[in-house]
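There's a structure below that I have some questions on.
Note that the chains take the letters A, B, C and D in the order they are written out, and that residue 1 is the start of every chain.
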């Protein structure tokens, strides 16, 4: 696909995700980890404006210099920014303003792409596409949070198709002890955190061919797993007690029947689906209760060709840390990944709301141990 | 004016206040004391539905039973409610939904008012009108906060007329020692907190004919009043330091010139206007710096016929407490005032955004000592 | 009594209060409102050193200049101070160090008092005595908190005499409408907040001859008063729910029997004692449940000769505010009372741990509405 | 050494550490991570009583059943416990009480050890010795915090010997790519977190033969490293700004000269000492500024025989996670390590206050990324 088409497709997909929203849905930020959809629309646009158009498109006229302040996410290099907790306090720029901003930048980008850009700029463009794809997924997870925490439980889309469940194979994949190569190689795009490819030594291990299902997780709940400290990290146990956690996010016990909020509204749990929207603490506690553990990210990657993955981000027992030889790019782009490499855990796989083609088996996603608003699940190892 | 007209006028004024808003402006809640405009629109409607239509209009069909949860403000008697800090997290019901709710209730109310209601119901109606007038003022002050704390400083209405300044008389009104009657009397409407009319004994006192002006308050700032603990309550001093307060709310020092945010956008300070948007702590500190004090609410009321008032709510040195013989109504209506009679101070007067005819010289407004988003000013006494 | 004897008696009483303590008891600060006993010992000494010896005793050598920082309570005029929440973090100066400091200052004071001081200094001395008497009461209430919140519930003094209960008269004192004089007059000592004496106009009222007893308060608990929002201020209701308050401070339900912690250890409740250790919120809720109210401080003072008082500080329905004509002294002494006149309520009377002769009928004590560690009780009015 | 002697030596060392303390020093807890010394004395005693005497010494009479509540640290299996933030609020049991408790338990233990215990019990005993050695180090670090945060800066011991500085070699040790064995092997004691010994694959790396010195770290400060976000993790940058961090813990700039608090009191910095009392965030920022990184715990262990270590705990770039095949013991002993394996980083080495013989090259210490009260330093790798 040429760059223009790739650009257009990426931008349109973002907007199509928002096509089900009411204006008001674009505005709110019910918790700090969720951003208002209009912010995502503006921020992804600001990214192309700031890193491509302003430095490289001669004569480009910035749309509105104040937007730098409003739509910068965390790039300290590029000036001040609205602090994250305040994003939901901003009624302006309006949704219509932001769509106008998108149009303006899109038009400039298409003009810019009339000439073949240099290799360096192409690299930045592809980073921009991948960046916007990440925000497409965040848009969907943030929208789910916004609507799923509204007391009226409005559907995002009443006809949202049910997630296709993978064929369930069973049992464990057995992997032999030895040296494995980990990390990205090849010509395609990858993030800096997937490099460098390097050797790791793994002991014998077994890794489940399947994700833990909702039915299996219900057994843990029914066995009172949320009230037995033995399965929990000390910090996880505090989290359970302080937040009175009793079930995955979006679960509601209504007249004795478990329901969960979905894009199509409140629905009865589907028992054969992979369990979803759980924290690292819950994933570990479940594994401990089963007498097993989570795989490391290396074990996961080494075995990834032997099982189906992609329906859920999977917590691993690996902290998010640099690979040997990891280096940050100079300037603002170098803030992309490295500065988050502390106190987060790696997730592997992809989820039903990951943009098509975005993930790969070397992809390293990462979140804090208490977060649940992503589509996060459990694969066991032993 | 007949009840139908009074009802319609009140309802229309509320909506006309919102006519300058973008949809997004209706949604956000930048601090806990501010409510989203759409919440005010729904809550005032819920008030008529809950206290008039549901109990007294035979055959009335509730619009949406879930709205009770969403639009109840603080009435514990009438069921659960969205906690105040969460109002700005709700994208639904949408603004259009709420206008439909208003229409539905208005139509029912007009039908209901085709017959002359009983005296009891009339009393409730008049309470509903006064309640909605209070929310009209809150709408305006909340809108100012929402737009005035947006980094783009959008105007509410570029042509918003400047506030007419009262003729400035000068000097102090002298009042003789003796017994004064305080509290409402007459046939018109008053809130329960203005009753009962009772005698108080006042010493000789003098009360300023004018409010403190912006120019006068600037002298306090320039004399470093915000950095001299001697003028402050201990609690006020903590508030100044913890919040790094250096000037009234909405003031911005831009290139060495003081500006303030107004409904028409950022503008240079007008030095002859009464100073506005200050806390009780600041009012007391200013008075102490001048070697004077604030009047009590009784001193204010006893002298209120002798000076112009109405351009600013005026902090008094009286805590908000019940008058002798105060009694609460039974049921939810009894929650209107009494339960707030602790740790708040009385303000007297009215402001430029108080609804016409809403206030009177016996009117008791009240806020916590640190709040500044209302149009609050200073009248000195000695 | 001559000044030397008065000085010595006051200082000795403070030390005798501490005679039951272990060294460790002098050190801790389990909540911010409680100060470590060793801090009280040092602070009262610092008061005489700072306000008498250093300015007025020629040739006086300061004991340790760093103590100014450690033992200043809230006097901003006299330099920096350890913030209140940190007092319990200081192991040094040790208890023995502080007793040496007391000895040193006492010796200097006795030398100083060999000559008759000027009237101004006498006034400061008497303020120092009254200041130390206030800290004697705080010492006792703070010690009760320290030991009463220790899981071992150690007695302060196993033989601590039970509080003598006042003769119970019954019924209400009726007071006629009219003008009453309020505030201190005479030659003795009073605090600045008791001045000036001034007239107030009171309606007819009745005020109970007795304090509410433990037995009466138990009826409120058993009638589920702590779970019925109708009796509570909105802020009080939040306080009850957030702190899960179910009974007065120091009460413990042990095997179905109510006990309370006393200076002699845990003991069964005495039903005929005045109820004690309740907040303003609880006092108001109880009164509302009885269909009555608390008296104002003026009603209390006007009737104070007609009932027994002194066994408990009594919450009034008066905010702590300046009397007409109130003025603060210049300098640090002026920080004694005025700067606390916001968001606190007045208590009248005295308690079983008030130092002998310290209180009087014009005395104005004051605390925040949520505090309970003082001996606070309820007198009803209607 | 026989078990009795080992027991006695361990117990005496603990008490000798406290021999420099005043009674008051045993009581306070200035921050949550620091425990009062008296708590350490009680808790180490409770450990032997709870895990040895009560289950295995026939006829043993528990000293005081309430001490279980007071001295349990975090073992959920063994009942309730005083929450960690409250340890400094307890004046009782007194220091003398706790020494009596130690005597009582010591006497029982010596009687118990008259007979040769079973292998299982021996294992528990050795765990108890190692446990008490860990608390000896914590005692010293907690005492430093308690005295070093007192405004009087009292010395722990005026004659405390200066820490002997290691001979400074220079340069980097070069390590070849390949498989290394990591984890404890042999017959001696190790903690469960050092098992199992397993293979890891390491790339070529270089690791500094020396720790970063105070002089070198000063260059980072002088180069404004604390004000340049580029060197910091995002979370570290927030930490720096929120806590206004400008230097290592215990450093004070006095009249333009850097000093630090030591066991002998405030002293000028020694430039040739390893820098100490820094957080993981600071260690990483320094390494980033030098264009290097921290070693992983595997790199450290693989090279540990090639450099001197032991003067400082050294932050590694490894999260504290289980080794392959890690299993927790059943019951309370299983709570020793596993439940802390989240959101902490591994430190290797030992410090000047680590008990003699306590550490080894496979030893895994661990702390949260913001903590600084331990003797923590930096070794660079590349």
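Here is the rule we go by: a residue touches a chain if its C-beta (ideal position, glycine included) is under 8 Å from a C-beta of that chain, and two chains touch if they have at least 3 such contacts.
This one's a predicted model, so the numbers in the text were calculated from it and none came from an experiment.
**Q** Just how far, in Å, is the C-alpha centre of chain D from the one of chain C?
**A** Chain centres of chain C and chain D, defined by C-alpha means, are spaced 44 Å apart.
**Q** Return the distance between the CA-based centres of chain A and chain C, expressed in whole Å.
**A** 57
**Q** Averaging only over C-alpha atoms, locate the centres of chain B and chain C and give their separation in whole Å.
**A** 37
**Q** Residues touching two or more other chains, restricted to chain C: which are they?
**A** none
**Q** Name the shape of the chain contact graph, picking from line, ring, star, complete and other.
**A** Shape of the chain contacts: a ring, since each chain touches exactly two and the loop closes.
**Q** According to the definition of touch, which chains form touching pairs?
**A** Contacting pairs: A-B, A-D, B-C, C-D.
**Q** Can you list the residues on chain B that touch chain C in the complex?
**A** It comes out as residues 74, 76-77, 179, 198-203, 205, 229-230, 232-237, 280-281, 284, 293, 317-319, 321-322, 324-325, 339-343, 369.
**Q** Touching residues of chain B toward chain A in the complex: what are they?
**A** 22-30, 38, 66, 69-70, 82, 86, 88-95, 146-147, 149-152, 154
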